[in-house]
Amino acid sequence: MVQKLKIAAAGLGRMGARHAINFLHRTPRAELVAAFTPDSKELAWARINLEPHGVKLYTNYDEMIKQEGLQAVVIGTATSVHAEEAIKAMHQGLHVLCEKPLSTNIPVALKHPHLKVMCGFSRRFDESYRDAWDKMDRGLIGRPTIIRSQTCDKHDPSDFFVEYAAWSGGVFVDMSVHDIDLTLWFFGDDIQVKSVSAYGMRAVQPELAKYDDYDNAMGIVEFWNGKVANFYCSRMMAHGQEDVTEIIGTEGKLTVNGNPQKNFVNYYGPQGVTREVPAHYYGRFEQAFVAEANEFAAACLDNTALPLKLRNAVKAVEIGALLQEALVKGIQIRLNEAGQRVSEVSASKL
Amino acid sequence: MVQKLKIAAAGLGRMGARHAINFLHRTPRAELVAAFTPDSKELAWARINLEPHGVKLYTNYDEMIKQEGLQAVVIGTATSVHAEEAIKAMHQGLHVLCEKPLSTNIPVALKHPHLKVMCGFSRRFDESYRDAWDKMDRGLIGRPTIIRSQTCDKHDPSDFFVEYAAWSGGVFVDMSVHDIDLTLWFFGDDIQVKSVSAYGMRAVQPELAKYDDYDNAMGIVEFWNGKVANFYCSRMMAHGQEDVTEIIGTEGKLTVNGNPQKNFVNYYGPQGVTREVPAHYYGRFEQAFVAEANEFAAACLDNTALPLKLRNAVKAVEIGALLQEALVKGIQIRLNEAGQRVSEVSASKL
Amino acid sequence: MVQKLKIAAAGLGRMGARHAINFLHRTPRAELVAAFTPDSKELAWARINLEPHGVKLYTNYDEMIKQEGLQAVVIGTATSVHAEEAIKAMHQGLHVLCEKPLSTNIPVALKHPHLKVMCGFSRRFDESYRDAWDKMDRGLIGRPTIIRSQTCDKHDPSDFFVEYAAWSGGVFVDMSVHDIDLTLWFFGDDIQVKSVSAYGMRAVQPELAKYDDYDNAMGIVEFWNGKVANFYCSRMMAHGQEDVTEIIGTEGKLTVNGNPQKNFVNYYGPQGVTREVPAHYYGRFEQAFVAEANEFAAACLDNTALPLKLRNAVKAVEIGALLQEALVKGIQIRLNEAGQRVSEVSASKL
Amino acid sequence: MVQKLKIAAAGLGRMGARHAINFLHRTPRAELVAAFTPDSKELAWARINLEPHGVKLYTNYDEMIKQEGLQAVVIGTATSVHAEEAIKAMHQGLHVLCEKPLSTNIPVALKHPHLKVMCGFSRRFDESYRDAWDKMDRGLIGRPTIIRSQTCDKHDPSDFFVEYAAWSGGVFVDMSVHDIDLTLWFFGDDIQVKSVSAYGMRAVQPELAKYDDYDNAMGIVEFWNGKVANFYCSRMMAHGQEDVTEIIGTEGKLTVNGNPQKNFVNYYGPQGVTREVPAHYYGRFEQAFVAEANEFAAACLDNTALPLKLRNAVKAVEIGALLQEALVKGIQIRLNEAGQRVSEVSASKL
């Protein structure tokens, strides 16, 4: 019989439940054997959707990771705890697929080089981004020079994102980190930041001020090799989720998702021609998450390389944090080629 | 000084007024010297918009065409009279640019070979159609084999088109004639009809039945060289005017106006992404009409060839009439290579 | 534990193998327990890809369908045999999901009303078509009146489709049957054909003449309720697979796949802006096939209705055969409201 | 007879000649009576294209502006001289339509309040931009908050733009000034700059270093009312000219030219689906230039307001100069609400 990766799911919230289902039903080389959640509502869901398929349920994370034969864990719990959970899993000898961010685990991961530890930057598994990368790699656009990339979410009129801002790390760390990771992928992960500038607005959620966060933000990152990245993140979109990336080279450019669309339907009526846009990132990236689960399982079973290095996940978070600092302080931050700060202006907010 | 074509405009209704203005203001090598209309409202418009520019106004067509020095006339009067007017103009030695259809003037035109007589198929002057034709001519799509072409107008809820049907010749003659003309242009004007089938609906204007006409119609024309054309015309569009043409070849295809748009604006809102569509054909073809006026003037002044032969205009109307007959009688009409009918079914309307 | 539908796969060619994999890995409520193929190459593939997952392999169809506990079979063998196989499966008391066409099984199916017997019209399971149907059903386009629908495949320069034409039933039965099925779905399956006209070309495969088939064909079907469908099928596309459907109503229209695209990448270079197109229908409809497998399993297990009736599959084939006859004979076929022929012209091919 | 604005054209280079032709042939209410050029090649062109239409030619600007009856002048000479020429024209009592930039003429213009003095920001006359503005003004996107706007030209492999950089003022002043002007239009011309950051590359023209200029540049401008503009300019596009503007509001967004296209043709071939892009800005904005000429003539004749104030043209240049300074010095520049600088970093280029 086929050998399958025995994996557990930690956290069964919106994204955690999707990871669990993907490993349960859409990852032929994996077997979801356990799941953990401290939440009674999530547990009830799991009793219906996971348990009948032979998944053992836990309300204690530490117990779950000791389950006999367990080889890996996918962590989709609250951001505040998943670093700790990831470290525990590694100490237990488990491979880890963890939702971003994962900034603190590097030293631990280095102590367990045989373990696969991956932060879930799902766009790396998206067919369109991969096609764009291949086209760039084949030289279609000459020398890539500029990236413009945005993560823009449909406006959620509830207060959810205000409270979320208390611990999210700020919009650049929470949202643009995806675009920054793409930049490391397309420009090469050895690029070094030279300068960072950022600006933000609170156009629809003025209460974000209490956590020094913003509902729209823009930043530019200049690298020491002369390349430049321009990021935009927003939680204000009326039309839906719109992640767009543009890679501009000396001989051409590539766009990914320049014309967002929910499906292949166009409606022609008195208003003109209308197409709908996905309401959420899962509507855009569902197949990328499935690919991620499958490739993670394969890497663990076959001991092959993962498509993204843990170190990059950390680097992406660091750049996001630099942008967030420039944004909050209203300064331009400059680094030398060794990555040390060389100057900054602490301009009083005028 | 520059020699200019002295031209008169006959008919100052919607399209006639546009022709007058185009020759007056947008045709450097022409000089609008006279205009005729029997309509008092149109005349009032002309007193304001034409007369101050030195255009002499007439309420009698026959008088106008005798104006000293007049060289040409553009005819945009009611369909019912413009054939007669065109003939009179030719007898007077005037070049003629006439709105379609122009079926009856061939013999007269042949007697005046030095005169330029052109039927206004404006799409022949459209930049996009010309670009498509050039691409086809350069072999980009291999051997052109199939044309699909439609003339679809925004629904006009008034009864205008019911009464218009009394004398328009039917939708295939009135609307699809443009698509048929394009077919003669792209396939070559020597193609011979082999078979014709057509179907129609009265989906929004059931009263069209009294004139045996339809508000939507579809027909297929097979030619003796094996090429096929598929036409669709409609007066039912909710979104605006949508003329689309597709030329399918053995190695590729070309589309013209596959994504109709009024301008370059897209509106992203709760409904998704919306662009508007021109409400009328002039919104789509305005620049083609200007080009038509300029090229007509140049052909008259320089005695150069016009981009479309009068004979083709007649052929287009004949094919349109065949389609209309097939539609109304509910039969398939077949012709031999000499253009004679070889069979038809007079199926009783079941 | 979860109850799963025990299903067998008959035929492991290109499409059969996909069905097998979909039921094996992407249909949580099904368990692929057996597979049959008479082909040694396909068998070798199955030993690697199916057997390790517990799938029992057969080289004899009759033996396979007697496997203990088997509940259903998915038939993806050669068209010539799958009708017979479907009948045998039904006699064995098995639910059947069969690739089109499935014209002969109606009487047998009627004798086994408790069995789920479905012909695989995958577009019925496509998210975009379903969205378009829902929009139509909600009245967005008023009264649907016209369907234009095409099945156009990328040109395969080999002789494959010439020999395939020997038994495929002709392009209207083999290709347009999908568009006809969509017509029955969007217009209602009780519509009755009034008249049929069809035209075809052999633009890239003249050898198709020996089987009276064509590489491009167009046909119009008029129904007794006044609605009209215009079909186009082609095996000549240079750019890839392009299935487009347009539903035109009295107050708007819906298009599905009006702008074919392989993914979300656009390449801007000296040529302009280019996007790629899927090479094959599976590139367009993969997720629809997965949905089909899942919904079939659910219908069998829960004894719920399938989204398409077997009778419609037969009706679609019948209309395809009418079009093919009109095409080959060069006639217009007319039926009365009872479905009987009222006239036809046996025009000698001129 | 109709009263026409007697206008002279100064400069008959690429753009100057277009202005001359537009006033000669496409501006019914203007009469081109004179033209000036110091260039013998341009003069030869004028002898053929202007003189036969009654245009008097000059090789001395000062003489021309004294021509009897002259009322206005359109200035399309080299940037280095047109400020001086504009001032002379105003002293002569002439209305002035001047190509950008026009930074120095404000005081003179103020002394002649009866004169129409307009800097040619052609996008203000573009139908699409006007439609977008109207939609914003009608509240379609809520409160406009962010503008992203780019001016990107097709790469010219010659050295033209290197030498041009010697006196162009830099890319932000030369190119982005259009986007800045749009920002003043969409955000209101009373907005005050709070902070400016900019980054640039020399990706295809390293020799631009000698003039401290760049072939690609990006900048962000934050305004005191909280709105933000993100500009990108480039001379490196492989595909053609691509001016895109996005206006993002609290309840929607508008894009102008998000899908650049030369015309309505799409070519489907082995590469996929391709549309071409205009090679130059005139291919995109020709009709806007014609509208500009007509509206300028109307404003002069009727003494009505021009659609853009001279003061704004100056303000646009000033903001462009700020961006250019931030770019060249590698600093973030901050201004207080009175427009005075409050801090800057003279970071040594590391």
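Letters A, B, C and D mark the chains as written, and numbering starts fresh at 1 in each.
As a convention for this text, a contact is a pair of C-beta atoms (placed from the backbone, for glycine too) under 8 Å apart; a residue touches a chain by one contact, two chains touch by 3 or more.
The model shown is predicted, which means the values in this text are computed figures rather than measured ones.
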| item | value |
| --- | --- |
| Between B-D and A-D, the pair joined by more C-beta contacts | A-D |
| Same-interface partner of A-B, chosen from the options A-C, B-C or C-D, over half of the pairs matching | C-D |
| Chain whose Cα centroid lies at the greatest distance from that of chain A | B |
| Distance between chain centroids, defined by C-alpha means - chain B, chain D (Å) | 39 |
| Numbers and ranges of chain B residues touching at least 2 other chains | 141, 237-239, 251-253, 258-259, 262, 268-270 |
| Chain D contact footprint on chain A (complex, rising order) | 141-143, 145-146, 148, 194-195, 197, 199, 201-204, 216, 218, 220, 222, 226-228, 230, 232, 234, 236-239, 248, 250-253, 258-259, 330-332, 334, 336-337, 342-345, 347, 350 |
| Footprint of chain C on chain D - complex, ascending | 237-240, 242, 259-262, 268-277 |
| In the complex with chain A, residue positions of chain C that touch it | 1-2, 24-26, 28, 52-54, 127-128, 131-132, 135, 140-141, 251-259, 262-270 |
